[in-house]
Structure formats: C-alpha cells, structure tokens
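Pasting a structure here, questions to come.
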Amino acid sequence: MVNFALQAKEDQHPDGSAAPGSDAPVQLAVNKLEIRYGGMVALSGVSLDIRQNEIFGIIGPANSGKTSFLNAINRMDMMRSNMTVTGDIHFNGVDIRQWRNVYALRRQIGVVFPLPVGLPMTIYDNVALAPRLSGKNLSRQALDDLVERCLRRAALWDEVKDRLNSLGSLLSGGQQQRLTIARALSQEPKMLMLDEFSIAVDPVTTMRIEDVLKELRQEMTIILVTNLVQQAQRLAHRTAFFLNGECVEIGETEALFSGQVKDSRTQDYIEGKFG
Amino acid sequence: MSGQHTDAALAENAGDSLDANWYIDKLFQGVMFVCGISAVLFVLGIFAFVFAEGAEFVIKTINWSQFLLSPRWAPTSDYNPTYGILALIAGTASITVLAMAVAVPFSLGAAIFIAEFAKGRTREVLKILIELLAAIPSVVWGFIGLAIMNPWIIETFDVPIGLNVLNCGLILGLMAAPIITSIAEDALKAVPDTYREASEALGASRWQTTARVVLPAAKNGLLAAVLLGVGRGFGETMAVLMASGHSINLPSSVFDSVRALTATIAAELGETAVGSEHYQALFTIGIFLFTITFIINMTADWIIRGSKKG
Amino acid sequence: MFAAKPVNLRNQQVEGLFRLLFGIMMVVLIVPVLMIIVMLVYKGGPAFSWNFLFTFPTDGMTAGGVFPALLGTIWLVVVSLLASVPLGVAAAIYLSEYAQQEHWLTRVINLATINLAGVPSIVHALFGLGAFVLFLKFGTSILAASLTLAVMTLPVVIVASWESLQAVPRAFREACWNMGATRWQTIRQVVLPNALTGILTGIILQVSRAAGETAPIMFTGAVFFLPFLPAGVFDQTMALALHLYTISTQVPNVPESLPFGVALLLVGMVLIMNSTAIMFRMYLRGKKKW
C-alpha cells in the first residue's frame, strides 16, 4: 500500500498534472548549437529537445551560456553585430532561420528578463503594446479584455486595476516583474522563456509567480532559466545543467535531484559545492 | 534545395508571412540609411561644388608660384590682375596665432579649474556660462571689434587705426576660448577617477595629481582641443572681416591692419561676375580653406582616437 | 610624522596658489564678455521700442526699425529647420539604431559629421551658391539660403539627437525586440518618445546657431535692403545678422544706438534660446522616467 502510494506520487509532477512523456510532441529541437561573441565562444555543442507543455529548467552558474541560449532561440543575433549562431534550432518543427519575418517568430515566443523592464508608458500600454504592434487590430473591448486577462494571470490585476494609467516603470520591482510576465503573455505565445526572473523579486512574489507558471504550462511550453536549483526542482519536469558554455547534463528533474547523475559536476552544483 | 523549399513552406504554415509591419520596417531602414549617409554626401558635395566653380582657375589660369608666394592680391586691376594670397595667408595666420596665444593658456587654465578644482554648483554654472559664450554669433563679435575694441585700442595705444591684428586676435581669442575650454574639459573628465584616487591615496595634492597624472593622461585630448580652436579661428569669417581692418598687408606689428582669406571671399564675391576669373580665384581660396580645415579636423580626430586606444 | 607637517602646509599653500591661478584664468575669460554684454545693453537698450521691432528702416537705414530683418531671420530659421530636423534626426536614428558601431561606414559618417561642423562658414556659402543658387537654379532666395544654413547646422542636430537616443536604456529596445516589435516599431513606440525632449534641445540649439549666421546667407538669399517683405521661399529677404553687418560697415551716419540695438537683439535671442535649451536639459536630467 505504502509502496504503491509513493510510486504514484513519483510519476506526478508537483503541480498535480502528468508531465509530458518522451513521446510528447517536440516544441523546440536544438542541434549542435554554438554561440560566439566575436572570437569568444559563449556556448557550444548543445543538443536537446524540449517537449510541448513541459517546464524545462536550465540551471548553472553565471556565464555558463544560459542567457545566450535564450537569445539564440529568439534570433537576437540579428540585432547584435558581434553575435553569431551556428547549428540548428527547430521551433515547432521549422528551422528558425527559414523564417523570413523573424518578428512574427518572436511574437510566438515570450521572454521575461532577469531585471524587469517596465517600459516608460502606462501599465495598460505596457500590456497592450505587443497586441498593438502585431497588427491584429483588436477592438477597444477586446484589448481591454486581453489586458485584464494577462494581468490577472500574472497575478498583478488586483494591485493595479485602479491605476492602469500610471507609469509602468514606477511599479515596485516585484510588480514590474509580473508586469513583464503579463506583457509576455499578451503576445499569446506558444513558448515562454524566463531568465532568472526571481533575481529582483521578493520570496512571496516568487512563490506567486511559480504558481502562475504551473498553470500556464497547460497552455504553453516554458523554458525556465534559473540560478536557484530548488526552483528548478520545484517546477521543472526536466532540467539541463549548463557550465562554462557547455551543456553538461540533461535529465528528469526528479532523477537529477535524487542523485542519479552521470557527471559528478552536476551533483556538486546541485549540492551547492560551487556556483 | 527542395528541402529548403519545404522548410520555407513549413515556416509559412507556422505563421511566417511578410506583413505590413515587415515592409514598413524595411522601408524605414532604407530611408534612415539614406539620411544617415547624408553628412558624407554633403561633405563630398561641398568639395565637388566648390571645386567645380574653381576648377578652371586651378587647372588653366593659375600660376602657382604667384598664387602662393605673391603678396599682391589685385584681382580688379585693369592692367595686371594678380592673384597672390601670401598676404591673405599672413593675415589669417597672424590673427590666428595671436588668438591662440591669448586663448590657449586661459582656456586650458579654465578647463583645469572646472574639471579639477570647481565643485558642485560653481562647476555647473561655469559650464553653462562657457556654453552660452560659445553661442554669441560671429557678426556680433565683429561688431564688438568695430564699435568697442576699435576706439579702445586707438585710445589706449595711441595708434591711428584700431582695426588690426591686435583687435581681431583678441576678438578671435575670446570666440575660440569657450570651444577650447569645453573640449579640453571633456578631455580632462575622460581621465578615469581611479587615476586621481590612486594619486591622492599616495599623498599627492590636487595640483600634484593634476600636473603629474591627469594632464599627461589627457594630453592628446588637450592637443585636439587646441587644434579645433585653430580650425575655428582659421575659418572664422564675419568677425575677421569686420575687425581686421581688411587691408592687404604683410603685418610687421600687431597694430597693422590685415586681411584674411575668409574675409576676402566674403567681401568680394558679391561684386564678381559668375564664372569670371576673379570669381574662380575666390572659389580657389575656398578649396584651399576647405582642404586646410579638413586636415585640421582629421588630425584632431586622429589624435583623440589615438588617445582613446592608448 | 611630525616632520611631514610643514611639507603638508607648503603643499596646501601651493595648492591654494594654483587654485587661485586657474580661477583667475577662468574669470579672465568670462569677465570681458560679461562687460561687453553689459555695454550692449547699456548702449543698445535705448534703441528698443515697439517701433524698433515692428517698423521698416527709414532714411537710408539710418533710422526706423528692423522689422523686415527680424521677419527674414524667422523665415530663414523656419525653412532651414524644416530641412535639417527631419534629415538630422533620421541620420541620428541611423547612427544610433541601425549602424554597427565598428563598421567602416559608421566611422566615415562620424568623420563626415565632424568635418561638416568644421568647414568654415564662408565655404558653406560658396557651396550654397554653387549648389542651390546656380546648380538647382533656386536663385538667391530664402530657399537657397535656408538650405545652406540647414547643411551647416545639420551636425548640431545629428549630434544632439544621437546623444539623446543613446541615453534611452538599451533594455527598452531589447524588451521590445523580444516582443516581436520590428526595429522601426521599437524606435517609433519606445526610443523616439523617450528621446524627444533631448532632440528638442538640439533643435533649439540649431535655431540659435542658424539665427546668428551671416556668411552662409550673404550670397545665397539675404540682401542689404528690401523695401518690401518676402512673400515666399523664392524671394530674397533681409536678415538680422546681415543687417547688423550692413548698418555697421556699409551705411554712413548711422546713429550709434541703432547697431547696438540690433546686436543686443541678436545676442538676446541667441542667449534666450540657448538658456532654454540648457534648462530643458536640466529639467530632463531631474525628471527621468526610469
């Protein structure tokens, strides 16, 4: 009896729903990815698949190439003259370099930064910006609804509903971070990438955002880059460990955190021996 | 090849389409690029147009040794029109040298005061004053030379004419000083504070720090500031036209009236027929001025860049 | 320890001496100019009146007002603004938002901007004469003179706009790009609105510079005297700066107060505009939205 109960619990993700199995459709396929800035290699030899509707954690110390990885997926190399990306990235089965309109690609991928960037416009405009720019001329009512929906899902609505017309850049750090999540959601993305979102956020807000992410993953794939190994443990179905520009190990989060690692460096990092 | 086709089709299915925003972006990228290179086009245009008008003179008419070495500028002479710019060069040079002799030490001193000694509010106010001084139009400076400096010089030095090298040099010095000061101050500010802190930690006083650490580190920037001041003095027109006396002379003292290259163009161009020899000679002076200031500006930039690399 | 004391004292004296020396140099630069301005006010102030500002010159320009010159200067400045502001701001946008910083073309553009600012004003006049008056056949007109001024003041607009564009945090751009905004949408929605006040500062400086220039307009569109007001951009015009030159060098028997009045008017306009620009800049520094 006891044994059975334990077994059942292990198959389940902390959020209560089943994790996408290895047969689930692939959202993002990365093959032999290498990223360089000028002559300096930031990341090399990364190959991994991210499944639809999974929360995929990426852990590792600073300068291990995590942020560069997200930038490559969003094709930010186009905006930076010194950044070069080689290897393949397939999003929804399509090579992202085949996209002629890279802006349309980026609209399908939401990004949240380590330090929240509230744009110097009203809270409402911050959230309404992406839909307005996408060229989908929404009606005023539809836009209002979308803004409310995104702010609610980012757990910010109750705090700002009475002052939607005040400046987004004047919110507190934690509120701004939720604002950027609302903004990313307003793109109605297929995939959400979060880059160390909890750095500028207090622990309570971090917990609230984590709850939000658990719900969101029903609708989208989430890549969670984090400097907190426990956060990956709490949220991610699978986790990759990046170190000094290479992907050391990828595995089921449960497995990695229960000591089933192939590389001792992963074990050391998880146990906090460096980082 | 066919693989790429399918990929493109796949991408299109996934939402890849060139929408209006994409085309607008490309359009503006083009527009901005054209505007971006406009400065280059104008510099080339200035050279081309000024050269085009002066070309015939430069290629056919000119007698180089006379042009550069004769002090006789007599373009309207009926018997023997002569185009010698030596006296004009001497005029420009004498004014510029005096102006720099006045402006450089005081400007550098002022720059050191603002950057190294003045603090907080004093410093802000001084910087604003310097900026405002640089804004006074050159024709007003010329008028000051004419209406204020002229009688003052006649009275003080007991000379018959107050429109001379002294007047013009002082005026030009005052004009160039704010420019030299602000560029020099930028150069001093560009020296990292860590240098100063390191020096003061060793017990050096502010002046010792300035003399031994800051000035050597900023010397290229200061040199560039002086060069740009020279360029400004060299190219100045209205003030020089009004305050120099405008008479053709190889000056032997600061009380001699002189005539500058720029002023000659300004004074005579209105009275020449388009395309005449005189007209072309004035454009040739223009080419000369353009070339010299071009060299000065490029050198200043090269010095500043050199200092940034080092 | 104790021996160090007199040395320190001497150091302090030397220190004070140098501070004094440089302070005096500073004062020597500023005081004559302030004296000159006081003198302009003293001698030119009495000339000021409604009549001075709003009537035509009379008696062979030895009496009367400066109205046509004032109006002409406004014409020249406004038309030159229309040309230089869109061009200069767009050039700054290209340099700040599109160009790669280390690219050779960017370097060439920067050099060209520096040189354009350094070309003597009389050479700009020659260019204006050759390009706008003769080649484009605008004749000596407000249009030709204004375009000459526009080319001359273009670097002012480019540099000021570039600086204010660069002051907008890069994170704003990245946030927009990551949302799928195109470069232009990012510029239009986020970068430009936040750089606008700074750009405005540059425009005021351009106006101030253009209003005071004389040499570039002498042969391209401004004339000593016109008995009527210009009706359009293809007319010639009088201008304040040239008027000052004219009545102080070309016209005999002008009462002293008249040119002093014109000089005061010019300096006053320029200083007011530059002070406004400086105040704008300080206001901006104090009121950042991020």
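Going in written order, the chains are labelled A, B and C, and every chain counts its residues from 1.
One rule holds for everything that comes next: a contact is a pair of C-beta atoms (placed from the backbone, for glycine too) under 8 Å apart; a residue touches a chain by one contact, two chains touch by 3 or more.
Predicted model, so just to flag it, every value in this text is computed and none were measured.
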Topology of the chain contact graph, where touching chains are joined (line, ring, star, complete, other): complete
Chain pair showing more contacts of the two, A-C and B-C: B-C
Cα-centroid distance, chain A relative to chain B, in whole angstrom: 54
Chain centre separation in whole Å, for chain C relative to chain A (CA means): 50
Inter-centroid spacing, chain C versus chain B (mean Cα positions, whole Å): 15
Chain C, residues touching no fewer than two other chains: 182-183, 185
Touching two or more other chains - residues of chain B: 21-22, 25
Contacts with 2+ other chains: residues of chain A: 103-105, 107-108, 133-134
Chain A residues within the chain B interface of the complex: 91-95, 98-101, 103-105, 107-108, 133-135
Chain B contact footprint on chain C (complex, rising order): 11-12, 14-15, 18-19, 21-26, 28-30, 32-33, 36, 39, 86-87, 90-91, 93-95, 97-99, 105, 108-109, 111-116, 118-127, 129-131, 134-135, 151, 154-155, 158, 182-185, 187, 208-209, 211-215, 218-219, 241-242, 244-245, 248-249, 256, 259-260, 263, 266-267, 270-271, 274-275, 278
Chain A contact footprint on chain B (complex, rising order): 4, 7-8, 10-11, 13-22, 25
List of chain C residues in touch with chain A within their complex: 100-103, 169, 171-172, 174-183, 185, 189-190, 193-194, 289-290
Residues of chain B that touch chain C when the two form their complex: 21-22, 24-25, 28-29, 31-33, 35-40, 42-43, 45-46, 49-50, 52-53, 105-107, 109-110, 112-114, 116-117, 126, 128-133, 135-140, 142-144, 146-148, 174, 177-178, 181, 205-208, 210, 228, 231-232, 234-238, 242, 262, 265-266, 269-270, 274, 282-283, 286, 289-290, 293-294, 296-298, 301
